[in-house]
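The same subunit A turns up in both complexes below, where it pairs with subunit B and then with subunit C.
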Partner chain A sequence: MIENRPWLTFASHATLLLGIGLVALPVWMALVASTHPASAFGVGHIPLWFGDAGAETWGTVLFEEAGNGVDTPVWFMMLNSLIMALGITFGKIVISLLSAYAIVFFRFPCRNLCFWIIFMTLMLPVEVRIVPTYEVVANLDLLNSYTGLTLPLIASATATFLFRQCFLSIPGELVEAARIDGAGPWRFFFDILLPLSRTNIAALFVILFIYGWNQYLWPLLITTDDAYYTLVMSIKRMLSVTDGDIAWNQIMATTLLAMLPPVAVVIGMQKLFVKGLVDSEK
Partner chain B sequence: MTDVILEKVGKTYPNGYQAIPSVDLSIEEGEFIVLVGPSGCGKSTLLRMVAGLESISTGELRIRGERMNEKEPAERDIAMVFQNYALYPHMSVYDNMAYGLKNRGIAKNLIEEKVSDVAKMLGLTELLQRKPRQLSGGQRQRVAMGRAMVRDPKVFLFDEPLSNLDAKLRVQMRVEIRQLQRKLGTTTLYVTHDQVEAMTLADRLVVLNKGKAEQIGTPMDLYNKPATPFVAAFIGSPSMNLIDATLTEQGVKISEALTLPLSHQHRGDIVWGIRPEHLEVSDEQNGDFALRIQAVESLGAETLIHGKIETESANGESMVVRLSGPHLPDVNSLMWLTAPMSHWHLFDAKTQQRL
Partner chain C sequence: MTVTFPQKGLPWLLLLPQLLVTAIFFLWPAEQALEQAFYQEDAFGLSREFIGLENFIDLFTDPLYYQSMLTTLVFSFSVAIVGMSLALFLAVMADRVIRGKLAYQTLLIWPYAVAPVLAGVLWWILFDPSMGPIALWLKSAGVDWNHYLDGNQAMILVVIASTWKQISYNFLFFLAGLQAVPRSLIEAAAIDGASPFKRFWTIVFPLLSPTTFFLLVVNLVYAFFETFGVIDATTKGGPGQSTTTLVYKVFDDGFVGLDLGGSAAQSVVLMAIVGLMTVIQFRFIERKVQYS
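Now for the complex of A and B:
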């Protein structure tokens, strides 16, 4: 249907532009703020164009220290965040691929019960079970370690469910053809299942990476050593300065840096992401 | 040499449903056996039991003398062509065909040689690097067959492989399958619900009904001497005219007024049958009975005439007559027919067996 109604085109474009403006304005302001000296905020008006302190602020934040009582430079915290986010993402994908594989393709007693138990963990995110989980991790001596940061967050009902749906849509004849072709369980998994769920894995990767990267409460609880601080939790710490001015310029720069990896992942994997959620090539 | 033996093979599902009570079948080496029957008759189940995709509840399956009941499909040295082809969508045609060989640990150069040989035989050489979704239905079908042939198995299993193709391609592939099987000389078990396919392909046919083998024999055996009314109706198109009748001293009593003379020692209720192509047009003096014509289907080479046997009461038995060449009788007119006795088929109504 081709419609030619100029006012409609105008209205929809105006709405879209307004939306973009609303979303982009804070980001723009953060970017501008990071180029002014810290004192610029005490004056009472918000700068809307770049200042001249940009190079200095960004250099300090990236390579020397994030400021406001956080001594580690941002690149180091980014690394920590990245390790945690990737650890959680790959851990979740591997675990849920395997559990979905077991639930869909193998007949064992209590198979459905297992599925529903996994499914029920949806009701128990980290925030709900935080005290017992903390105790378990502490007893295992995993405080202040990458394992402690990632392991408790790895189990995932959502991903298991998604892979289960994906596997269920694989025609039974394909499974049988593989059996006749002499593919054992592992061969079948690696040669047939993995390539067929490639787009689903990509879509999940995007969702889970952002989930992992944005983790706040859990890393805040179990890390007390600067060496394991993640970027997202550090921003909050940078705000809680007891004496002196808050270095807003440094905080803004750090915030922008914290946004970059998720944005990069979304943009880089957009095509696969949409494909994984929309169509299947089976 | 007997290649495949099914001995009292039966299938009962865990929920107690008995799909196949017991089937006995022995297949000679190189023979083309077609399992045919209406949907739900257990023909696919039987094939899948031979393949090892379904467990065998009772009886024994032997391939080249070796018991196969407990063997995995891959260990049975069989190859199967599925109805929906079941090609691996992410693999190229070459990889699809090579996958089974790779899993068996065959050397790469040997695989290449075998795949290219088979590809040449099936005319797939140009398509080897394509993905299945870039192929037409007929090409996919060929790849699926190629995948089976590459392995050089003892037995080919086909599960309604042509049912997804259009009519023209089906005929072409049917001929091709037959030629290939003759050339390779591989024992073949083929499942179909299409009796034309069954008749043209088979060395021997197995007609299945509700999990039971009604009759096993060559296509001509089944056509000329069907063992039961079910086989009689199933083989041949249009199917045989079957009429409930009584055998008396005078002969076959079809209705109060119509008795076809026959001397036979059997008495009682029977099913009397004659194929549409064996009925002959006659006239009032010599005809056995008259048909009130209800519909005429002209196909050019032949004409099918549907009608009812004319009796005093309104409900005469329906009949189909097949005449070669074009005929254009008026609907509702009468047509006198003779039914040559040599083409009669008599079945006991109670035991459903041929008399």
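Now for the complex of A and C:
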């Protein structure tokens, strides 16, 4: 505190509260909307206070069917989303750990070339090369499968860079000591490297989980079978019902359920989340 | 120089999974896009013929493509500037307060975790012309809000939804930047009688310029590539072409319009743009090292 200006402090708190209110506004409205019966939306405006159909809507959406043309219940799509998100997260972390380990702790021909090939994936987000990637996955017969949902998304330059950075900061004496004590590369990897990069892995896990859960275009294109619908992309299918027939209460409840897991992760693991965000932009 | 292990074969084994995935799902499709950009394919994918640069010539003589470029620029800079200004304002306030800083941070950063398409749906319902509370309120204030018909209003809607999601990110980085400004500088200025307002503009804001520039690049990349869901959920690129960004156009021409050659040519152009942006980002990172 540099000087005491009570009115300015008050104004700061007021602005922050206003900001929080504005940020929360759409979610509040969605919550209110999900507690009204579908018929309440035809009369010209969204009700502004909670109704009494909340339990029924949420129950139907979660356990029976999401509605609006999607017959699968939300819990089932949540499971698919979870499988995809965890598959992408673990896949990215494992292959990035291994390749960063190879690049930092070994010398071999074409080491730089490999590094640049991995680096190039940074330049090619999936949205940019969407048509040819779809064709490749179709050729490999991976449409409508968990492999097709996860595998094309698990190459990650960012994670490789992050681990490379982290490994480079490990003192060479540690490697020397381990070698003198007779530890081979695998032993070194599991007993020294992994424990040392524990927090980095955890921070990256948070960021990648959000990334995986929120995938939209990719699952939308490659799944046509209900059994593989993920929650985030199913919103699109729910919205493609003709305008007058949309049951907004169910859409709002599904939307809230779809954002709940990643938001809970951010709030519950705030420290790791912030660390992951800052690290992965270095 | 790090001490290394002597094995020769092992590093290849370690790199194998990453290289395989990269080759199959990145390099192969990129090569396909490059190849397809020089062919014309009929809509059923039965035959194709080599047409050289014609897809690119078509692309660069198409007024719709230039319009889409302009739309992308307007959209990206709006998202970056609106989002960064609001976030900086909130971060300055949060940096001032002593009580409840962490609580404020928590309550401001969660939209980062919301998928773009969900952000689009949430704002759409608020602005829906026939039942959205904000649209109805605007109507009573004399603004005829209908983003299904008015291209500018559709643009405003996608900018709001995209910005909402990105404020959290900007806020975190600005707050970290503000906390790194040396207290002694601000104290010295305060002793000399500079008001909080003047201190901000003459000391704090210039010191934040590396953060600001970094965030500008990140925000532009975000608006370019990660807002597909927002646009697809709210406006589908319309009305007309008023919210068709370059990335949305690649998808729209390829999967809806089935113009595979044209879409591939667009992919190639976009890859070049991403490459350029990556280089800029990396050059900037070198500069950031000098600052600190």
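A few comments on the model shown:
One rule holds for everything that comes next: the second predicted complex is superposed on the first by the 265 of 282 C-alpha atoms of A that agree within 3 Å, B and C clash if a C-alpha of one lies under 4 Å from a C-alpha of the other, contacts with A are read in each partner's own complex, and residues count from 1 in each chain.
The rule we apply is simple: contacts are C-beta pairs under 8 Å (C-beta built on N, C-alpha and C of every residue); 3 or more make two chains touch, one makes a residue touch a chain.
Note that the structure is predicted; figures quoted are calculated from it, not measured.
Overlaying the two complexes via subunit A leaves subunit B and subunit C side by side, clear of any clash.
Looking at the superposition, the partner that touches the larger set of subunit A residues, subunit B or subunit C, turns out to be C. When the two structures are aligned on the shared chain, A:179 is found in touch with subunit B and with subunit C.
Seen from the Cα centre of subunit A, subunit B and subunit C lie 90° apart once the structures are superposed, a value rounded to the nearest 10. In the superposed pair of complexes, A:192 makes contact with subunit B only, with no contact to subunit C. For the pair subunit B and subunit C, the minimum alpha-carbon spacing after aligning on chain A is 8 Å. Subunit A residues 173, 176, 179, 281-282 lie at the interface with subunit B in one structure and with subunit C in the other.
Across the interface of their complex, subunit B is touched by residues 171, 173-174, 176-183, 187, 191-192, 195-196, 198, 281-282 of subunit A.
The part of subunit A that touches subunit C in the complex is made up of residues 1-3, 5, 8-9, 11-13, 15-16, 19-20, 23-27, 29-30, 33, 41, 44-46, 48, 94-96, 98-99, 101-108, 111, 114, 117-118, 120-125, 127-133, 135-137, 140, 151-152, 154-155, 160, 167-168, 170, 172-173, 175-176, 179, 184-185, 188, 210, 213-214, 216-217, 221, 232-233, 235-236, 239, 248, 251-252, 255, 258-259, 262-263, 265-267, 270, 273-274, 277-278, 281-282.
The residues of subunit C lying in touch with subunit A in their complex are 1-5, 7-8, 10-12, 14-15, 17-19, 21-30, 32-33, 36, 86, 89-90, 93-94, 96-98, 100, 104-119, 121-123, 125-126, 130-133, 136, 164, 167-169, 172-173, 176, 183, 186-187, 190, 196, 214, 218, 225, 228-229, 232-233, 247, 250-251, 254-255, 260, 263-264, 267, 270-271, 274-275, 278, 285.
Partner subunit A is touched in their complex by these residues of subunit B: 51-53, 72-74, 78-80, 82-84, 86-91, 99-100, 103-104, 133, 147.
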